[in-house]
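Pasting the structures in now, so scroll down.
Both of the next two complexes hold subunit A, though its partner changes from subunit B to subunit C.
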Partner chain A sequence: MKLTDIFWPFRSDMDYIERELDRAIDTKEPVLQKTSSHLLKAGGKRIRPVFVLLGGKFGNYDIERLKHVAVSLELIHMASLVHDDVIDDAELRRGKMTVKSKWDNRIAMYTGDYIFARALMIATELSNPQIHKILSRAIVDLCTGEIEQIRDLHNWNQSLRNYLRRIKRKTALLIAISCQLGALAADATPDVVHRLYVYGYNVGMAFQITDDILDFIGDEKKLGKPAGSDLRQGNITLPALYMYHVSPDARCFRELVKENRVDEMIRVIRESEGIQVARRLAERYLTRAAQALTPLPDNKSKDALLKIARFIGERQF
Partner chain B sequence: MNLLRHDFQEEIKEILRQIKENAEQRILYQYIDNPPISQLRVCLLYLFLRQCGVRASAIRRYVVTAMLIQLGLDSHEQVSLEKEDTPLGVRTRQLTVLAGAYFSSRYYYLLAEMEDVRAIGQLARSIQEINEWKINLYWENGWTAEQYLRRKVDIESSLLKSFGKAYGGEKADVWVNIFSQMILVEQLLGEYKACRWEEGAGTYFRLLSKEEGTHNAYQSMLQYIHKALHQCRKLSALLDDEEGRVELKHLIDRCVEELDNQKVRAEEM
Partner chain C sequence: MKLTDIFWPFRSDMDYIERELDRAIDTKEPVLQKTSSHLLKAGGKRIRPVFVLLGGKFGNYDIERLKHVAVSLELIHMASLVHDDVIDDAELRRGKMTVKSKWDNRIAMYTGDYIFARALMIATELSNPQIHKILSRAIVDLCTGEIEQIRDLHNWNQSLRNYLRRIKRKTALLIAISCQLGALAADATPDVVHRLYVYGYNVGMAFQITDDILDFIGDEKKLGKPAGSDLRQGNITLPALYMYHVSPDARCFRELVKENRVDEMIRVIRESEGIQVARRLAERYLTRAAQALTPLPDNKSKDALLKIARFIGERQF
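Here is the complex of A and B:
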């Protein structure tokens, strides 16, 4: 199953969103035009806009209203990626040069700030203050999550709770509010809005945990980055935390950590039960995601949401 | 001390306190210094909004959010261009990026809590404009000193001017000009200080030196500052409100004082 198959019924509206994304970053400043469209052209799953549209299907679906939410969320995500590449000193993203490597850090900062401003301008086309309260809180939490990730770099003593809170802020929240805001913008009932939030949160948690698993065991070519790159940067994720704290081989593993033998650490984690433990946790989140949708009417959109959840559980990149 | 003056100063103190409170993130302080907050801009915006009859709680929120945006943008100016290979260098770069993002996110949060969607859009438009200008200024070559300075003033005064246009009414043009001139003074004072006291003169001074020679560049800059201050005084006389005129005069006098202090230090050396 591919995401493109799940998105197929929405292709017309997604093509429209893609054109709106293009339009959104349009500027007369030629360098900024190139830099801001650089990441857009590199593609992406566009999973957040899809969630917005799917959320909207549970209310009064109006693409002219939903596009403001879909486009602004995707732009916020894009802006954070441009800045993340400066943070991580990344040369490549999705197989292409990052903005910071093709131009420089300064240009990347200006580009990210520009895209973020455009995102907010588009969001303010919707006057519903509730939308802005939800979106702004999520962005603050996203930033806080990123700052906490830096704080927790190389921190092997962090708890599982720490890790889960971090990935909630870093990833799950934006997905949760994608679903939630789509429903809100479509004037869905509060119960539906809440259920979609819960679905999105659980899918987002599973998405990030799966990402963290794939960082160890995924195919480098499909991932677009070397295996174990999280650990090399000091980002301690769930499989690594399991090895350090819980695994029967924890003592030996801690020796590797002490001696900073990263290649061996990666190899050990790849072959360890930590991967399975993480997978099982991701599955639990996906089960909760599906449960959140149970009371909702059976229709194509619900079906699509369930398929996306399954895809996330099964994905290889 | 005049009671109104005292109130003004107490308000400014409170606004500065709220800015610091909203910019607080413990881990950031361990690695980075926040960019300085321009008290001049805080005072100018506060004065302007009070003149327009904006209610006190809203004035505080607007000034705080505008300064948080400024802090965010200024933080991002500090992101290193060099390849950092020390752990401290890497951490500093990372947190400088995130600090800027965090401060900017707080602006959106504060205005969203106020349900002021219009102001969110107004300031976002300004941020858009600022970054368009910044990239243009940074990437393009061949600027004259005057062109460079004008563009810098556009960039640095954009946030204030956005309020000027939104709230100024009949006096919008006067206030937009006041903001421009005061920011021009601020920029020139900063350039003057940098070329005298810090390694690496500012870009404007370097461009001006190429055009006029170093000695003439100093003189030109001083003349320019005096001209801008004179223009500020003329503009402040156009304001209807006496309190506003008095406070603006104080701000201009402080700039003159700052300039005189710089000159005295130069002579001592």
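Here is the complex of A and C:
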């Protein structure tokens, strides 16, 4: 199963969102126009808009209202990627040159700022102040998560709770509010809005944990980066934390850490129980995601949300 | 006359805003807490909050409503300074170490993002969506102005219009909306809200033009930087543009530009008519600022706004 198969019933609305994304970044300033459309054309799965539309199906689905939320969330995601690339000094993303490498760091920073602000401006087309509040809060959390990630780099003494809080802020919250705001903008009942938030949060956690697993064991060609890239950059994720703190072989592993033998650490983690532990945790989140939807009416959208959860559990890259 | 004298009647409310600024950046994340309060303690004139309060005096003045706007605008200004320091690679601002020098560029970027988002989040305490729209639009314009400034660096062929549009986005708009949003949050009439916007826009333009003049002729000690810093960085401002395009001595000046003799360019500009031309333009903006207020009722706030306009015309650093 591919994600595009799951989205198939919603493809015409997704095409419409794509055109709206184009319009959203339209500006007379030629540099910003170029950097923003470069970013947009670099692609991405547009998973946040998909969640918005799926959430909207549980209320009065109106694409003219939902589009503002969908575009806003995708732009927030895009802006955070541009700033990440500055920080990571990344030359490529999804096989395309990053804004910071094609232009420079200064341009990349202001392009990110511009897109963040654009995102919030577009959301103000909807007059519900609760939506504005949730969106600006999401950016606050996103930035806090990024700072936490920098702070926790190379820190082996961080707890599992630290890790979970970080991936919540970095990834899960934005997916949670995509589902939530879709339902909210469609005037779904508070219970439905809440359930979609819970679904999104759990799917987001599972998504990031899976991402962190695949960084160790995924196909290097498909991932487009060497195995263990996170660890090489000092980003200590669940499988590594397990090896260091919990595994029966922790003592040996700590020796490797002490001597900074990264290649060996990666080899050990790839074959360790840490991977299985992380998989089981991801599955637990996915189960909770599905449970949150149980009381909701059966419809195509619920079906798609459940399929997405299964897809995340099974994905290989 | 000093600015603090003008603000004297509003000092207790300004103290309150200062405490609210402290609260606004409060976070459990220790790095963000340190960077943000470092920024706050580095000071600043808090001119945007002052304008908000003064604007609010033309409606139903309620500090509990106005504080959200005042804090939000000061934070937007602060965030833009943090990002500017990353771009300019600045070690000091107002004599204090910048976030990028005390911590690093990554921390400075996310601190800026965090404060931008905090600013918008605080504004959502007010349920008037028009306020959210104006604020997010202001950040869009601010970023566009920053990109324009980068684009126009070292470009001697830019027009006066280019320069004016750039300083409008970079400086004048944020001051304009400070006045406007103060009145708007106090439910002043649309005419009053508009007049305050026009006042703020013109004061902001005069402020930036004066800044650009002082960069050439101000007291180096008081400014805390050598004369002609803007030009040295490639930022071509009104006095320089006049010399290049309009002055009877333009031909000689262009030779200096061609040979990149920056010290001589600065010396020529300091003694040129370009300074007078810029002064006259600033004065025209200040006259228009005062005119915008003429039909408004006489009160302490109007008095202060007129004094601020005069202060800007006379300031030496």
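Operating definition for what follows: the second predicted complex is superposed on the first by the 317 of 317 C-alpha atoms of A that agree within 3 Å, B and C clash if a C-alpha of one lies under 4 Å from a C-alpha of the other, contacts with A are read in each partner's own complex, and residues count from 1 in each chain.
In the analysis below, contacts are C-beta pairs under 8 Å (C-beta built on N, C-alpha and C of every residue); 3 or more make two chains touch, one makes a residue touch a chain.
Quick caveat: nothing in here was measured; it's all calculated off a predicted structure.
Look at subunit A after the overlay: subunit B and subunit C clash there.
In the superposition on chain A, contact of A:11 is made with neither subunit B nor subunit C. Contacts of A:146 after superposition: both subunit B and subunit C are touched. By the touch criterion defined above, A:280 reaches neither subunit B nor subunit C. In the superposition on chain A, A:137 contacts both subunit B and subunit C.
In the superposed model, A:41 lies in contact with neither subunit B nor subunit C.
When the two structures are aligned on the shared chain, A:114 is found in touch with subunit B and with subunit C. Overlap of the subunit B and subunit C interfaces on subunit A: residues 27, 29, 31-32, 83, 86-87, 105-107, 109-114, 116-118, 120-121, 123-124, 127, 129, 132-133, 136-137, 139-140, 142-144, 146-148, 150-151. Across the complex, subunit B is touched by residues 27-29, 31-32, 35, 80, 83, 86-87, 89, 104-107, 109-114, 116-118, 120-121, 123-124, 127, 129, 132-133, 135-137, 139-140, 142-144, 146-148, 150-151, 153 of subunit A. Remark: subunit C residues 27, 29-32, 83, 86-87, 105-107, 109-114, 116-118, 120-121, 123-124, 126-129, 132-133, 136-137, 139-140, 142-144, 146-148, 150-151 touch subunit A in the complex. On the subunit B side of its complex with subunit A, the touching residues are 25, 27-28, 72-73, 76-77, 79-81, 83-84, 90-91, 93-95, 97-98, 100-102, 104-106, 108-109, 111-113, 115, 117-118, 120-121, 124-125, 127-128, 130-132, 134-136, 138-139.
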